[in-house]
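Each in structure tokens, the structures are laid out below.
Heads up, the next two complexes both have chain A, just with different partners, chain B and then chain C.
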Partner chain A sequence: MAVLTEAPAPVRAAPAPPRRHTHRVNRPSSWYLLPAVVFFGVFAALPLVLVLYLSLTDWTGVGTPAFIGIDNWTRLFGNDAIWDVTWTTLLLTVLCWVTQTPLSILLGVWAAGPQRNRAVLSALFFLPLLLSTAAIAMLFLRFFDPYLGVGRTLEPFRNILGTTSGAITAIVIMVGWQFVPFHTLLYQAAARNIPKVLYDAATVDGAGRWHMFWYVTLPQLKNTIITSSTIMIVGSLTYFETIFLLTNGGPGTSTRTLPLEMYFRSFRQYEFGYASTIASVLVIVATSISLIIVKFSGFAKMRSTLEGL
Partner chain B sequence: MVPQRLPRRSFLGLLGAGVGAGIVGCGTDATSSGGGGGNFQVWVLQEESQNVAHNVAIDAFNKSSDVKARLVPSPNDGYTDKLHVSMGSANKPDVFYNWGGGSIRTYARDDLLVDLTPYFDKDKAWKDKFLPSVLDAGKIDDKYYGVPARGMQPIILFYNKAVFSDLGVEPPKTWTELMTIVDKAKAGGIIPFALAGGDPWTELVWPEYLVDRVGGPEVFNNIAAGKKDAWKDPAITKSVDMIRDLVQRGGFGDSFASVRWDGAGASTLIAQGKAAMHLMGSWEYTNQVTDQPEYAKTNLGFTDFPTVDGGKGDPKAIVGNPTNYFSVSKDSKNVDAAVDFLKKEMASTAYVDAWLKAGDVPAVTGLDARMDKAVDPKFAKLVYDMVNDAPTFQLSWDQAVEKAQAQPMLDALSKVFLGQLDAAGFVKANEDAA
Partner chain C sequence: MKVASRPGASRPNYVAGGFAAIWLVIVGLPIYTLVSWSLQTRDSFFSRGPLALPGSLTLDNFFEVLDSGFVRYLLNTVIVTVACVALTLVVAVPAAYSIVRSMSWASGTMFRVFLAGLAIPAQATIIPLYLIINKLQLYDSLTAIILPTVAFGLPLVILVLVGSLRDVSTELYDAMTVDGAGPFRILWQLVLPMSRGAIAAVGTYTALGAWNQFLFPLILTQDPSMRVLTLSLTSYKQEFQINVPGMMMAVLLTALPVFVLYLVARRWLIAGLAGVGSK
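Take a look at the complex of A and B:
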């Protein structure tokens, strides 16, 4: 907003009153915000505060939480296992982003085109979006079974859930299969919005397919890439049911992520205070990462990729 | 946790997390007054086929009693959470279903439960109606807090008869014989033991039996009681070494860690003759009867866990899930009526027959003559004799220890099976959690 309102000022002294007038017309009353604010307050902000409080207590889920100060926090950072868990979480996040983003962009740009059979094939690609995570996990569990599934004939898949690298690969494959369609949809919509004149101009300049994709399509998709990446990264940090159902954090503890650790600590071990500490860390990490993305991508300025057209 | 071991355990467990979270807010609904005013509640799991027996008991009791019993069924997966929350509130159940051991130890120690020892002492005839090993498995700090309420589920060594005859071997009597079979099976391209290693509780049956055979029941009793350095017992180290040896020999094939219990991966392997043996609870038999009836009828064999040379344990001792128990909460307004209910009904002919018909073998003495009432008399007799002859019946370790220690124990054990942890590491991981 700042950019749009300040830019004209030095050019010509526009009369102040009309601007304020425009201002009033464009901005609805703040009261419109109320339902959203109340909803956010009750279901997001308040629980967040309560979790922060619980992270300072010792609580089995029954009775009154006993206040123990920062004991849970010192215990958390003094625990080697938590670093393994954090490392696994970050590794999965990076792997998911690295595999899903290129796939989604390519599929999305392709699906935005006018080819024959495109509609039919896109519809097929979107099918995984209709399935629940639990159903998908059960499906992949059978698929990866070493004796009854694909591993029977395909050697590299045989013990895939039984090794650390294999289990991580399996999760990346399954999560990708599940979420690539969603991000493809984002890119498809964005690619459809790229004005045809840009491609016409590129054609005139003698650009080939590859150059058009690299110098026109990709820059035009910048904002979508940022949105999609934020969703993907924050989503990957909090994947729970996928991993819980597919590997249960195994083999051993090699695919145990922060959300799983949180669940095991609370509902299996009844250490709700310590689990709340993990939850708080997750909130802090996820928020920081999305803030960093927004900050360094210039997303906050909301610059349109269509400026000048 | 008997029913949770059935398929879909983890899937429903996930739903359970949601249910558990929802329960906190509704501790007072439907369950009303904690049993005041001439009735008391009996909390059980919501299992249609199983509650037939519970209803038989309640109807019989209510006919002759002024204080009425009322059945309050809850879904399996939210049950322990619901119980946990209500035990901390003013709305405690009067009589409730539990797994003994770790599932009620904190309540017993917080003095929330009626100590049933004096009642048993006063009424020897009542006490003698239950199999002693099962009754004792429910003891906490040497006191009785539970009355056996339903079927027994010992861990049994299952084997495929066809595979055994192909290999030319007999069911193993000793650990050495077992190792010979393992080597022969491997040489014949057969996986010696089916194992759903993706779910570490299936691996727990191994240290449970081995520690008992090597060091006797005291070793784990000390652990469950929370005694200092209990995990450092040499029997633990020896058992873990034996397990590591078995894994390294290929005793479970090389892909066991990819097999999950859900989907019956392990059970299918032995039924199809790809694996020779399966060390699993008696529920494995029920599953095979349903899923692989042909195999269950012809080739399903079962035997005791072998002895270990030089071991201190009794070769007849067993491990598994002794039974489920009914406990009475101290706060109940009708403690006398509740205990009376357990006295009159838990070993009654009608109640026992209802269980036999449902496929369970209750922990009641003198059942030999009534085995023909069971769905499968042959198997019922095996389970019954096994428990009847057993000097001790060790409750599954994950149920016996404190909640906070069970998960670290399972984590450490699965790392032992994966070869990531040796005996010293296993002991240390458990000592750290204890």
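Take a look at the complex of A and C:
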């Protein structure tokens, strides 16, 4: 991608010079793109290339990274701990998807309905969208506090952060609390766009509500399910703040995921080269999944991320 | 459910409604505790238990948080947010205009690059970003937070702006050209007014992201004088160890400006979007 940042340089488009009274259309030159390209190139595209290079170096965070070849990579694949971390990451990804998807579909289809009180309720549903992950994590940290939180009254939540399964449950609850509203919005928008004729036809055929949901609504939501799932999966693979602030990878290292491992290795243990290897794995996995979404769903769908804000 | 709108099927959908009700409780409970705890004294919170209604309301926690450096962090966050929105728009609007109107090879290619940029996970780039920011000698400054935030926001912002500019009819551009307007005047007098709604939408979106971000401030700043609100929550966590009401008040206060922005910008957003749609 480094090449691309230089792409506009040789181009001098804009056939019509500005401010001439002709009937040809005045077109902006490609130079209008330059500031955006510079920003994106230096702070987004360049790091992407650089992380791959850094994975081949030894670097403590100060001075110049020293090139050491593929040592970090052999170390990564020879390290048992990394497989535990990868397993935790995948487990969380699957659990988050399994809990959020059915809920978001149900809520989205429900919220797409016509009754008026739904509008009021939906406004409440979407409150978590406005909070920062840091704020939500701090809220849940105190909410789940063994001595001070709701565990004092609600027995199941007592010491939820103290056990591995409890901590994983807490993360899944918090992630769902934070992101189900967003995915509900996606499904709500999609459900509103299902042509009414389809339901009319199903009624003529004598279909009940369950049949309609299963044979009309769900198939019509196929594209949205793909989009939403991809956002969820890539999101779950790269969650950092949530886990960093809620469990800090604990108890022990039982909720440490790949992004956390990367952070601890670099900014805590100063092994920036090795940490870059983990980052590279993340880039490769997350980017390939995201590129699939762009292929599958078309770019226009991305617009819906802004709805409801 | 959609089907409820057709005649004869207007009976309520109890299953979905039930789920919605359960979800309302799940969403509501933490919000309730957030507000209720932050408005109680510590004694009242300890003695009355976590779920009881507060016996009496107090603003003590508010002043305690305010006295713990909150204003400084708020100011930093406002600076970062305003700068991110301004920079994003200044950079993205001309870029989107060029992508839609220039018809050059470079613009088409860059649009595809920006689209691919949607796929970059910011978390995975923090190590090289740390290196780049250090090399630029920007470490531990608000600028260090602003620059990458703008860069990572650009793909989506440009995508939305391009979508909105494509709806502006060619005749309007032609009319401006006949009047002798150059590209810059067209940008100023046609593109900007016509994409007001989209600009408001991406502006709000960028502001929300900039306000709520945590990772870039965490790795690119260190000094308390550069601390933003999200990051301040981690220091309040140390400071307010067992002072749960104080901690909750801090959380509430970091989110309060966002609620206000949402209430103000939401109306503006809808008006703007309707404006573009009706033309």
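Just so we're on the same page, the second predicted complex is superposed on the first by the 242 of 309 C-alpha atoms of A that agree within 3 Å, B and C clash if a C-alpha of one lies under 4 Å from a C-alpha of the other, contacts with A are read in each partner's own complex, and residues count from 1 in each chain.
Everything below uses one rule, namely that a residue touches a chain if its C-beta (ideal position, glycine included) is under 8 Å from a C-beta of that chain, and two chains touch if they have at least 3 such contacts.
A quick note: this is a predicted structure, and the numbers were derived from the prediction, not measured.
Of the two partner chains, both chain B and chain C are touched by A:Glu241. In the superposition on chain A, the chain among chain B and chain C reaching more residues of chain A is C.
By the touch criterion defined above, A:Arg209 lies against chain C but remains apart from chain B after alignment on the C-alpha atoms of chain A. Contacts of A:Phe143 after superposition on the shared chain: chain C is touched, whereas chain B is not. Contacts of A:Val197 after superposition: neither chain B nor chain C is touched. Within the superposed three-chain model, A:Val37 lies in touch with chain C and out of touch with chain B [touch as defined at top].
Contacts of A:Ala134 after superposition: both chain B and chain C are touched. Of the two partner chains placed by the overlay, only chain B lies in contact with A:Leu161; chain C stays clear of it. Across the superposed pair, chain B and chain C both touch chain A at residues 61, 134, 138, 141-142, 145, 148, 241, 245, 263, 267. Against chain C, in their complex, chain A makes its touches with residues 1, 4, 7-8, 11, 13-14, 18-33, 35-37, 39-40, 42-48, 50-51, 54, 61, 65, 103, 106-107, 109-115, 121, 124-125, 127-128, 130-135, 138-143, 145, 148-150, 152-154, 177, 180-181, 191-192, 194, 196, 199-200, 203, 209, 212-213, 217, 234, 237-238, 240-241, 245, 259, 262-263, 266-267, 272, 275-276, 279-280, 282-283, 286-287, 290-291, 293-294, 299-300, 302-303, 305-306, 309. Considering their complex, residues 60-63, 134, 138, 141-142, 144-148, 151, 158-163, 166, 241, 244-245, 247-248, 250-253, 263-264, 267-271 of chain A touch chain B. Those residues of chain C whose C-beta lies close enough to touch chain A in the complex are 1-6, 8-9, 13, 16-17, 19-20, 23-24, 26-31, 33-34, 37, 46, 49-51, 87, 90-92, 94-95, 97-99, 101-107, 109-110, 113-132, 147-148, 150-152, 154-156, 158-160, 163, 170, 173-174, 176-178, 180-184, 186-187, 201-202, 204-205, 208, 211-215, 219, 229-231, 233-234, 236-237, 242, 244, 247-248, 250-251, 254-255, 258-259, 262, 266, 269. Listed in rising order, the residues of chain B touching chain A in the complex are 10-11, 14, 16-17, 20, 81, 84-85, 87-88, 197-200, 254-260, 262-263, 265, 268-269, 274, 403-404, 406-407, 411, 414-415, 418, 420.
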